[in-house]
């Protein structure tokens, strides 16, 4: 495959934030032609009506899925809400590859899915073949997949930080405590009182203490890495910023291991991964350093409690935590350079 | 003592944020007459020059400490930076009571002080008699003290949450992990790059990982409560808001104890304390709920990891975390109702 | 009337922001007993359920208006949406005084009301006797009124700045341009996309250009002051802050008049008004200087264009712009000191 | 010239915000090789030390100007403060082209420069040949220039909106009132109290009323367009956001002209300009719609006062208002496609 090919892409859920950020990036991808934008509630409207910042783009108007000629589509990016995505994806013809940003195909155990997402899975046969799209850890499987299930934003940040450590015994997998913080865009564009500016601004609020749906994803992957069942503490907090996510992970080091060992382990794991950077000793990751980009920064710190370490990981929740990683997976699926259309540097200040 | 007495107060460090917030509250205290405002670098200026929001107050101009007739002062509130406060306070005549908001008299072990604050203590004889001003836990000693050392903002939030639990064995004191978040005003009004709007806005950044100066205070008090040496993990984060502080504490419950037991233990401990509220099961504390007020809200949650709990505590860092608690201590010292001039409800939205 | 009287108050629309801010202030008013909180959609719930920051208050649960024994109520504060308030207020018995924070009784010409608010007025007989509650300009009428219609937030800021100047010919009333900026809380607690944190944050957006409903109020009052019909330009902007409002008014000075004359005119007009402060030459008003308080700061500046001036006025939209002014009017209505329960200083930082 | 050429670029003032944003964009420009980064106060440090978000870039360390071999440099981008830039630029050899983002070469009348910038100009001979870098209006001159003086952020927004209207008589040039609003990054990275997060956050403050240094630039260009001396009112406001600028311009329409005429005039003027978009009737420009991009959105609205109009213009102050326009000018100077490396879409949300 050459880099001059043109791949025809549709976006399901084009009116949501993840859909919009996918469009933002895909519109500048040299190999992508956006041929369909699907947003049921806004069908018939130009994209610029729901997103005025896209006024400069010459894209097709929003339509319903039924209006799309799917034979003219090579790949569908899906930004639909969980619980909705699986049935919409199930309707697509076999020839359409799918990069799903929803939660519907992330969990391998559909019983766990039903338990956390409040209902039976509607497309178990598809779930079976889905590949978990944590690019840096599943590149080969992603390259061959028809359906890639991109990880949640929190699992992306957490697993990039902990997976290599769990795999190699550099940390213990029991007693992991993850204090997570996210910008408000993670809650999407739907109208909820707690994400009004006057409610979320000038304040910090924990939410979903012990009950956040990203827990089973994290436990699934850490468990697979460690070869044992894992239970984590995961406590998310809503931060008065739009973009950005930072997870502070409190872990027990493997016997005889140090924070330096852990840092080195991460550096080794990500030597060939352009978007994951293990920061130097003494540098502290911050969401500002990755804002608007596909980068993930990870730092490792010795804890004051002997034998423990703090691993801090940060991403832009809408880019590496969603649309950026989706495009990265797309690049892998089509044999393109993994960084294509994702080279934007962080927007700071 | 009657509530009609007038107590003449001076404020040292009137141009800093803690000094200013003390003035804001004290100016409306029915028993306080502010007779001197000390701010060396701004001496000679009216207060409204450095704080235009005080334009409506009729207060004395800023002066140096030397210009004050200390015989006409009953109590000094000190909002000077740590390392500066001890020598300024040492100069005050014996008849002046002191409510110190700096860190200089918080640590009982002056070796620990020297180690964390980078130099010998300048007034060890005063340090000896200082009372740690965590009002709810040291009321009797505060009532009799000449010098009260108000806790740091983080220790206030953490200790109100954990001290009663540590005292009664409801939690273990080893392995305590405190993930702390603060608004930017905690860094004061001095000019530092990381607290510029363009740097701190739209972002979240951990800082002082493992090295924050509030650690020894927390360990001193938890250790005293538990009757043993305690080492905690304490990781603060800078949040893009001006006021507010929230500490998420991850703890091991005492043998056989539950999160409900811990909540009940806190309720019992604070039954007579008007400013500390243990929130009902299911309610999650948020900084918005205490903004601009002297309240502390505490919530207890069972962890997903059996035998563990999450205790969340939130305050306004400048009020309960500094100036409000100082005034509360003042009220106790002078036999006034503890809530005098502190009744403002949280400012929400 | 003595200051020890107790006045029984009901709050209509207790679940909205203006209702909540009224409760915040009234709960600390020494002469007010809150006896009924009306919020139809939340009837049966405790207030702390909709506003957790009120957890410390011991107030009656939310009810519907029908559940209230109105004979036990002396005064009703109304924070209902415009178009809803007039019919609810019309139902109240004659003995209940009303302080209305909605727009329903502000316009003297009900034809103008119908035109701007999209429908006939439901209680024209009440409208007739309503007094426009711009405290500083209508004190006498307010003192005698049964129904006081508090001005909108923008008109409050604009009219405090311009009314004395228009009355005395210090400015011309044609060609007035008002560039207005407001925090997001002005839009209330209802769920609208443009006030989500992720939409309104990190951005500035004009809205209602030429069509904002506060225009007729401003023109009504300026016209009455000048004795002629007045047409103003009024362009509001949404600012990424929760509280605060600032109006930059571009005006033609009266023949031979200077900016200094205008400043002096304002100082004279507000000499006996504790909440309106004309700032000294060289000081620039800012919303931060009045945040959370009932103060209004006004500054006058000579324009670069000869014969013109810039008058800048700032208030907290929820306090002086709504609930604070309502309480100030209440104080006037009951012969209490105008500043009762409104003495809080601005919350800065 | 072909698009495969490599142009060696130096950045003067690499540690400021405009320098940094220039680096962000230039690092992804296919024809630019960054060969020198000059930042006197940080010489010897890697760029990632002053800007951790650049950790992924492989760029030369910061140096002083003296350390640069200027014979190996084709073009210098200058992000130095005004008053410093002219002397540094004067030292550069003739062969180096210069794109200056400072204010030093914007004013054609050096007397005006001395008056507004507080001192004699240090390089009058260079000033003579400098071209004002408002790309859309000076393309031909820019293409031939050695030294391009990029406009200030405010003048960029204002002049893009008003220049075509002034030139064609669609508006009168007397009585123009410009109410301008900017994010805090416009104040740069230097340490000033008013741009601390706790000061600028949750608030709006006018500044430099009648005295802002961007006034003479605006008057120079409007005057040249109209062929007469022009005096404008220009009142800037500091908005609690990092990026973004919006100017609300209140103007008198030309005799017999309408707002629609003005909109059409702007559309005609910018038909061939990819970065300037005149928004449709009914759409209101907002800074969010251009954030992080090189776009300028302009909207025209009829005023309530007959014969007047409101023209609203918005840009990202650091991109189109500085570094982006600098790069756009560079593209013009080197015969490259004007949009090269500037295609990023706005970052929303």
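All chains are identified by letter, namely A, B, C and D, in their written order; residue positions are counted from 1 within each chain.
To be clear about the criterion, contacts are C-beta pairs under 8 Å (C-beta built on N, C-alpha and C of every residue); 3 or more make two chains touch, one makes a residue touch a chain.
Since we're looking at a predicted model, the values are computed, not measured.
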_What's the farthest chain from chain D if centres are computed as the mean of the Cα atoms?_
B
*Over half of the contact pairs shared by residue number: find the pair among C-D, A-B or B-C that meets that against A-D.*
B-C
*Length of the line joining the C-alpha centres of chain C and chain D, rounded to whole Å*: 39
_Measuring centre to centre with CA averages, how many angstrom lie between chain B and chain C?_
36
_Inter-chain centre distance, chain B versus chain D - centres from mean C-alpha coordinates, in Å_ = 45
_Shared-contact residues (touching 2 or more other chains) in chain C_ = 17, 183, 185, 189, 198-199, 201-202, 240-243, 286, 288, 291, 349
_chain B contact footprint on chain C (complex, rising order)_ = 17, 20, 24, 27-28, 51-57, 185, 189, 201-202, 242-243, 274, 277, 279, 283, 286, 288-293, 295, 297, 318, 343-349
*Which of the residues in chain B end up touching chain D in this complex?*
17, 183-185, 187, 189, 191-193, 195-202, 240-242
*asked:* Using the touch definition from the top, list the residues of chain A that touch chain B in their complex.
replied: 174-175, 177, 179, 181, 183, 198-199, 201-207, 209-210, 215, 231-235, 237, 239-244, 246, 248, 250, 284-288, 291, 301-305, 308, 310, 312, 314, 349
